[in-house]
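In order of appearance the chains are A, B, C, D, E and F, and numbering begins at 1 in each one.
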């Protein structure tokens, strides 16, 4: 593109920048955008671009594949119960925490810092910002948890100091036992606690499809009522159900907008922020 | 351009944004960029774009043509002395101040506010931020002045509060008499006082030309020594001399970079900030 | 007066100073106090004296005569409609803004600065502190406006920084078109927005008179009810009606006291502040 | 005086107010201004007037006569040694502290509070702002002290909070033993520590006289050199010597001006602050 | 004790420190803990220890015996009326203020400062934090008072600055007349005004006894209802009644806990704060 | 111990508390104090006790044994080079980071939070507080590093907010590659950067021994010169040499005191802080 084309294009971004500057975006960072090094690099830079035009970014990350990889290396079986919850005994949880907090989060913090912004990696444990309890569907001894309470003061302080918080979806109970929290759920709880303007769930799908076998049947925007109907009538199915429910719960609790983002689309974060068409399905 | 092309392009702007965020740019806003309504609208939006990525903007404006227009309507002769200084008697100065501070600056403040940013219009008089004395080449009674002292505290406070200061190049002497200050000079003094990272002088020329009759002979960048040589050997001539001297004086006094900007080029401010090629001649 | 007489007199001012220190006074500055250079100089010094004993001063100024003068010089007719509103087409409005903001306000800022205090001149445009709409009685195309909304944050910041805001009674609509606001009305809106302790309207009359032909029949103080009765029974008539209504509106909206001040009386501001008898008519 | 005369007079005070506003005055409050209830009331109000025009007041008080009175009532002998220092054994010191800190300072704090300002009474003990050691001329066991060190932070905090500190001239040594400090000396040390603009020593004399028997021979102003000469040649004699030396010491250590004030003259503080002639002898 | 025993013991204090850190304790400091120099020294150090683990201490002191002593020396009769109120004429009140504010409070400030903390001594007069009126049971001319109003801002500022306020139980009426306030009452009013966590009244008794002749019959803790019953049935009698009522009044007005503390027991403040058994009777 | 003995003992701690309150202690937390759960619990509580008396604690931890354990489980060989440096290839470094940052640091943060204080876990990566380069003795590809630069701003902010920073001894180079830093060295660098009052290196040895085979030959305190001599003459040998050199380097760069602490002794941190005898060898 010519220089004049490039700056013309920048000039056209102004209304989008003005609309979003000063807002809080909570981003669930997962899927290929996390595991594919090239997409990851682009995604991190896009996040920093959002940050540099005045948007306050909080990143929540998952990391299932790398957890499984280490478990396998250590000879531990990767198990899920009838409800689809990972069977996480204490020993497995130790591995989960090492991988999420000691490896993936470290990589994200490093990438953000190397790309010129300032990141701090934490989990629910630090300053006890999020506490957990055993997930209501989890068997005794299964360290799969759900959020019990949250306190966003430390996050606000980090944002105030100009840092991007990178948060591993782990939280402790009263006795300090770590629980593995579903990253989408953690993202929703933080978005609610921060009264975020946008919650973005990065996925490896195009978004909500009218016909799940036709990726061109993407529904770009849904109202809460429409989303509920689509769950009812089976259009939204499988793993898309809990994601949609996360969005609905967030919207019910003061979050401005929620997006099931197509992480496979290049610059999906920028598309969502700086174009009208977006990338994925917006539930509002 | 496709949405994906557009965001790709935005993504490429990140290194430029990171380089300039938090820096102070003092811009002499004049020429066609000021008088042509369409270019003016673009220019204002470009300034706000710079502001929205964290650059602190101070605008200094001139307004010769509109001064002449009102003088003529009022039946006053438009005169310049042998040194090229406007012959500004007290009555003319009153007209100068009304046009600069009461009309042009008002228009700029209005345009910035309507475009979604916050502007405050002031001159050297307000909070006595700049004081003047009669220009050393001006005859008695000629209210053409030069800067005597400046105090940037109020400007810093306005920047701190998120406002864009729009400054008419007028300053008072100890007794409150207004002097008309050359807008380039005023810009340089403010850039020096604020230890600006960049001083940009918008002109209606392409910049410094090797061959003044060949607009394709633009010199994109000069060192201070080179600029002095070009003045010496006559390559820089006419009205370009005082502009170049303004740049040299600013550089000598702590300003980071100075640019004689081609205001006729669309989005010249963005070209200068977000491309390597720039728009005009950079003296460093 | 002997030195001992002088300090005795100063000592007697203490209770008045204690009563008013820290309070906000919004002053409509107009009439002879504005046009007569000698009275103007005294008035400015009196304002600074009030400021120096801890009173926070906001100045709103008009400027009818000088507007007319420039309009006439430019060959434009000075017209008022049947409601007494100035017929202000866009071209006239440009002249109004140049005279108010570019000449009179400049003079006031200069006088305050030269007298040792710090002033900043603004209008409704700056930081968009006041927005306007066409006056309900004004014909299409008449840029006579009324206040639509106001935001006092910038004024508070200026007061906090120790500046005296000098405000031209002009405000923009959403599209940046300037409207001429009646200075008394502007004063009342600012007094209401700032929850001022006192609103002072400087006039060229002694105040409200029992017998309009007998200047010794001044009524020094009126309750709101009494003022309404006097409008009803015709004692308050002509130009005194809108001024009285301004006062009543301000009192209804949280302003502490309103004074129709006799600007022809020397040191009227000091008389009002530092003596029991005052100068003009106080409506409480 | 007529109201118009009164406000005219107030108006004339403006330059004096502007000159002194924001400055620090440290006042030794003693003599008849302290002991005569009527003069005291006037003096307190004058101090509050100074305070209300932005001058920061610190009051240091003595109280010899009331100390003697209580000592006599308690059957203790009032003694002075060969150097003129009060012979202050520990029991006498207890009486000194009760009278200065428990009676006179209380009265001053009360008068200031009742007159509408805010006072806090302290001595060198509080927050250990001043520490003492035995006076170099004092015999063993004599609790007459001199200042050893001072720390003005607490005073600055009180001034910041808008309080007038009233300070009894007592200070402790390392072990908490109280010492009686000469109030003039204490005043000078505080003025030095606060880099005061003015130090005022209230006395029951007209000031420095050319002819000590002719009260009309007052010298209104002296340079430091002149003051030293007058001590040398005996013009300054007796109790005026230590007062003059206090002034010289203060001037040598950064205090702006020192005044030996004629406390017998009504409104002496206002005369000194708001007239050119002053009241007493100024050493500069 | 061995070093290892000592630090073991310190380690065991942690839960108590964590429980109390950041809380406000208002302490009535009287009885032997005040008059016996050895106990006083221990008590002051204990207060500083509480302060050094983050507890905010406010000290209110009485001083009956030393008042009587000076009155006797001065030949004034020590009288109490039928209600047990001291008959305090104005002359007596002067003595009361000198002793409390000029002697005892000075000693306490000195001891705290010498022990390494920072104290400031004040009474109700300073900054007018507490105002008084004649006690409802006091005869005309009797300067025995009761609290009329209080304003804790100055106290909060002192605590913020890290100082320990030491407060003499004296307060002025509107006209500045000093009143002697019962120190227990003053303590309760301050505890209420500061919403203290604990109010501690130091006494020379073991606390509330089941059998007043058997000091081993101490009741370590009472509810408000129980305390009222014990007053009813005469178990709480004599001087213990007003103390108990002080506690009940404080509890009714937002104070967390009240303790009638056994000042005769060594380190009673530490026992109350750092052990479960406490020292005296806690009313909750 | 009786309650009275206990509080007596607390009272005796006051001078030690006063001496250390407000000071910065940087603690290398390692050895049995880290690995033995019971000692760890005591140590954490002792750290919180120090924190609760106003000492600012920064914790740096190692974790060799647990790294080895996971490496072994993963079938990786645990290797050290000729210089005793761990041979840390990139894969090993990943394990190091997971264990230090994802397991041990998590446990410490959890223990501190559960014990009632607030901790945040970070490494050199977060906010890029410490950057590293390859250790000068390390072979190519060995991710054993040494500190290149440090920036303590983030640490100060955490201390200001009342958090205890827990720091894993890992730091990135410019490209984000993680390096394993010796924890003693990391501690020294942080102590230097923070101008710490005390640096404490917890070890599993009694300290410096005169006769390395006689644990009763402990040298409780050494000057820098003495320590250098003991290295010279071989008294200090083996692993004690680098620890001693760390201390010497810290002392040379502004750290107040350094202690090689006997982590095997119960409550060693309290012994060092609250007794004169200490625990281990102090180099000053």
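Assume contacts are C-beta pairs under 8 Å (C-beta built on N, C-alpha and C of every residue); 3 or more make two chains touch, one makes a residue touch a chain.
Source: prediction; values computed, not measured.
Enquirer: Through how few touching steps can subunit C be joined to subunit E?
Expert: Steps on the shortest route: 2.
Enquirer: Counting one step per pair of touching chains, how few steps separate subunit A from subunit D?
Expert: Minimal hop count between subunit A and subunit D: 3.
Enquirer: Between subunit A and subunit B, what's the gap in Å when you average each chain's C-alpha atoms?
Expert: Their C-alpha centroids are separated by 45 Å.
Enquirer: Express in whole angstrom the distance between the two chain centres, defined as the mean CA positions of subunit B and subunit F.
Expert: Taking the mean C-alpha position of each chain, the two centres sit 57 Å apart.
Enquirer: Centre to centre, by mean C-alpha position, how many angstrom separate subunit A and subunit F?
Expert: Their C-alpha centroids are separated by 36 Å.
Enquirer: List the centre-to-centre spacing of subunit C and subunit F in whole Å, with centres computed as mean CA coordinates.
Expert: Centre-to-centre distance between subunit C and subunit F: 69 Å.
Enquirer: So which bits of subunit E are touching at least two other chains?
Expert: none
Enquirer: Treating touching as the only link between chains, describe the layout with one word: line, ring, star, complete or other.
Expert: The chain contacts form a single closed ring, each chain touching exactly two others.
Enquirer: Take subunit D as the starting point, go toward subunit E, and spell out the full loop of chains.
Expert: Around the ring, beginning at subunit D and stepping to subunit E, we get D, E, F, A, B, C.
Enquirer: In their shared complex, at which residues does subunit D touch subunit C?
Expert: Touching subunit C: residues 1, 3-14, 17-18, 21, 42, 45-46, 48-49, 52-54, 116, 266-267, 270-271, 274-275, 277 of subunit D.
Enquirer: Which subunit C residues qualify as touching subunit B in the complex?
Expert: Residues in contact with subunit B: 73-74, 94, 97-103, 106, 109-111, 113-114, 118-123, 125-128, 154, 157, 161, 163, 172, 174-176, 178.
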